[in-house]
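Got some structures for you, see below.
In what comes next, chain A is part of two complexes: it sits with chain B in the first one and with chain C in the second one.
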Partner chain A sequence: MNAAVARAIERDPQALPRATALLVAVVVLWPMLVLAEFKPWALFEAGNLRVMRDFLVGFLPPVTSAEFLGLLLKATLQTLAMATAGIALALLLAVPLAFVMTESLSVSRIGPGRGRVLGRALRAAARWLLLALRAVPELVWALVLVRALGLGPGAGVLAIAITYGGMLGKVYAEILESSDTRPARALLEAGSGRVAALLYGLLPGAAQELASYTVYRWECAVRASVVMGFVGAGGLGQLMDQSMKMLNGGEASTILLMFLLLVLLADFLSASLRRLLA
Partner chain B sequence: MNTGELSASERATAAAPCITCVWVSLALLAAVVASFVGLGIDYSGLFSADSLRSMGRFVAEFFPPDLSAAFVKKTAWAALQTLAVSALGTLLAVLLGAALALPAAGRFGSAARHATRLLLNLLRGVPELVWAALMVLAAGLGPFAGALALALHTSGVLGRLFSEALENTPRDAERALLDAGSGAAAAFAYGALPMVLPQWMSYTLYRWEMNIRMAAVLGFVGAGGLGQMLYYHLSLFQQAQASTVLIAMFALVVVVDGASARLRRGLAPAYA
Partner chain C sequence: MSLQLDQLGLVHPNGHRALQRVSLSLAAGARVAVIGPSGAGKTSLLRLAAASLRPSEGRIEALGANPWQLSAGGLKRLRARVGLIHQAPPIPPRLRVVTAVLAGRLGAWSLRRGLASLVYPADIVGARAVLARLDLSDRLFERCDRLSGGQLQRVGIARVLYQQPELLLADEPVSALDPALADLALSQLVAQSESSGATLVASLHAVDLALKWFPRIVGMRAGEVVFDAATASVTPQMLHDLYATEGAALPTQGVPLALPEATGNVVPLARPGCR
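Take a look at the complex of A and B:
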């Protein structure tokens, strides 16, 4: 080890671990960049720049004709309805499964008893079911369900319900586990039922977190409507698809502004629900 | 909440039913009912023998999956590409998100704070698929466009979460360094960053979990990886091949979920 390195280590005891971490990061990063075809200079090629510029120039001004705004309003309402219905159905899936999966609500876990193995098996089964629900993208679910329900919002709503049910269930269980579980445990040990332990032991501490995550998922479901445009489910996705295909930037930017408004609406909802549950 | 010393009147207010809660619950319920009625979905098709058979036939076509060595190899390569796209997209988002989090947390004044927040909301509000369609125009077809699209959307989400973590962190250590004469950058790196880093890491891993799923879908607009293969084989009605791709997606999600959950366990809890 030469003198300079020795001096650096003397100044910073973390120098060697830091250098190792940097080296490992570079070794991992390199194949990743190659695989993802990381070519930032492609952004500045004359041809691409021109296409992008022409397209973006078309974005201004946003279309504000009464006819298009009417279409936009109808599509927005449809998207909101799809997201709301999808999340409502997703809750039907997620809440019971999260309830089953939450380990701190397990009665059999507390003492030696016969239910222990069965309880663990049930939790594992719920975990795998949730994983299977959310591992397949909503688009694929939608394509399968279109066979049964035909083109229209039905397949989209169910697809959102299935995937988001899987995600909500998992995150609900994680939130419940990471909040303070001692009240629930005390209740269970004193002989209360599981539902009471959830309502009085876990929910008071976790309600805010659960509500804001649910609203966030609703916001994601609104955005997922873009994916649902693929299965003819209508809404903002289909409108966006049409505008993009015709390279009508003015319409596209109006739709994007609507998405921005919806995000602000979701933020507002989330903040007010949190305040209500505080 | 402190319930130790409550007067009788305080206990009475605490026990009163929350009227606002009732109204909010009713409003939410009304919104759900209105949604179902407004959409007018006919779910009877889901249970009719005819459509069940048609759905069953469609699902049955996916079996058995195409497990020939050549195709499995191709799928594995695409899965690696999807993994790389999701990781690179998340990494770029962390860099951009961290850069935007500083002004968004009010470090450079109130005007910069509001402007950055609006920018973050715009980045987040535009769906990944739309970003992908734009990036395909800007960077050409291929996985790099997908990584950029993920990065743009995710930086909106992460920038906001990062700035909230930064705002909620006590600034005593940073102030002490500043008062002792250190530069602003050094004070941030040694006084503030170590406090928020575990939470930032946790948020990042969490977003990576979501991005791996999204990276798989982005292929549908020509961003490479598993999604592009799935789109290709589904549109040619080659269900056996599509089934292999779906299995690969499932495996990828299982691996990333497991890895991220294990890594996050040691960090602060985070729910974006």
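Take a look at the complex of A and C:
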């Protein structure tokens, strides 16, 4: 057999499926861009550029008066407290549900043995519960809860706890599944319980990922609590809302700088946690 | 009977048949080596015996019970009495050696004890003693990702020795060890069986080790038991027939028994992912 014939016969069997997938992706994406009215060139039209410039110039210089900084500090603490308490409550929801949902901790799956139908049903129930929790945006929860609990951070905390509980639980289970699950399975096969198999078999490999995802979600919760501030849930968002309504761009830019600091803080926290767990 | 397999068959979900008509009967305290070319079904056999796979056909009885007729709690208690040494040690790299060894008894410990042992190791003395038997006691507080492949394999053996199972199963337990350490590890498995009365079943690639350490040999090929005989009555012809598909030489731990064409049959030091 000469080289040309060999080349004609030896083909990557994956080539055609991959090309098809790419084509499908483009075909699906195009109408989405049209539906989303994606017209980036509109940004660069002369009139639009001027409007944006005038808007942004209003943000300078940032306000640094002691009185405003005092307000800012108080609002920042409130936002941090809201995000932290929200994530802590979310963990109470997410950890048990993720533990139930993680298939690699299923004892009945081995074999498969007794009770696998019940096990599968429980995992499906946990999955649906998590899905329902995170399907409603936290802003909507906040709007509902503000009516029930009144204005203030309490509504924001609960809204974050519910939505983020759903997100954390789902992703925790997925992180645990995608780490090396053989150690946990070996422990279960040697008669160990589920909790022990999680702690001795899965967590050592997944702790870093879990920690950095949790801190990332905390960072998201800080931003989310700002958005909820606009609907009266307190913190930096409420301050921002007031500044924007009074067309005080200087105050708004000081607040934005504070956001930047908070995200930097979250980044630093995540990096040091990962180092600690490495 | 400690382990009784009756016309056992196993078909994997992908349709591949791993075992057929396997019958074995092991009295308590028996020591058996399972040998055969790769793909013979040795790992499947051990996983069936460990109640981690369910047979497609036939009956299994381990430590006096059919695992698949037990309640969930009964099966868990049975599994705690069966120890399987995996060929690739299933130990998370970040775990410390002491924790990895102590994890052997999680099946026997209460949840509270298991949790407390993560805060402070519950039995440092016991872990060090069992590691000392495998010449590894100085690595007690190292992390497992700092160990070599051979050291990690010995940690995997130490974990199951620490478990003190009544049915001790070992899947290629010395595949990553040099000849001296392989001898040490097998001598410790045999010693454990002698002192505790545990039944020992080990699959081995090296025929010389099987003949040296075990009074009974089960030869497997293509998912079936070819012979099941006392070591004294195993003839070179039986071994050559068993490994006929792998060439003229028998796979051994040390020097190949027959020199021509031996290169392809020398046991590789580590065969990750090969199960």
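A few points about this structure:
By our rule, the second predicted complex is superposed on the first by the 241 of 278 C-alpha atoms of A that agree within 3 Å, B and C clash if a C-alpha of one lies under 4 Å from a C-alpha of the other, contacts with A are read in each partner's own complex, and residues count from 1 in each chain.
Following the convention adopted for this analysis, a contact is a pair of C-beta atoms (placed from the backbone, for glycine too) under 8 Å apart; a residue touches a chain by one contact, two chains touch by 3 or more.
All values reported here derive from a predicted model rather than from experimental measurement.
Applying the stated contact rule after C-alpha superposition, one finds that A:242 touches neither chain B nor chain C. Applying the stated contact rule after C-alpha superposition, one finds that A:107 touches chain C and leaves chain B untouched.
Contacts of A:191 after superposition: chain C is touched, whereas chain B is not reached.
Partner contacting the larger number of chain A residues, of chain B and chain C: B. Residues of chain A that lie in the contact sets of both chain B and chain C are absent, per the superposition on chain A. Of all residues in chain C, those touching chain A in their complex are 50-54, 68, 70-72, 75-84, 86, 88, 90-95, 99, 103-104, 106-109, 111, 114-115, 118, 163. Taken in their complex, chain A has these residues touching chain C: 107-108, 110-115, 180, 182-183, 185-193, 195-197, 199-202, 204-205, 207. Per the touch definition, chain B reaches chain A in the complex via residues 20-21, 24, 31-32, 34-36, 38-39, 41-43, 45-46, 51-52, 54-55, 58-59, 80-81, 83-85, 87-88, 91, 121-122, 124-130, 133-134, 137-140, 142-144, 146-147, 213, 216-217, 220, 224, 227, 230, 234, 246, 249-250, 253-254, 257, 269, 271-272.
Residues 29, 31-33, 35-39, 42-43, 48, 51-52, 55, 77-78, 80-82, 84-85, 88, 131-132, 134-140, 143-145, 147-150, 152-154, 157-158, 171, 174-175, 178, 209, 213, 216, 223-224, 226-227, 230, 240, 244, 256, 259-260, 262-264, 267, 273, 276 of chain A are the ones that touch chain B when the two sit in their complex.
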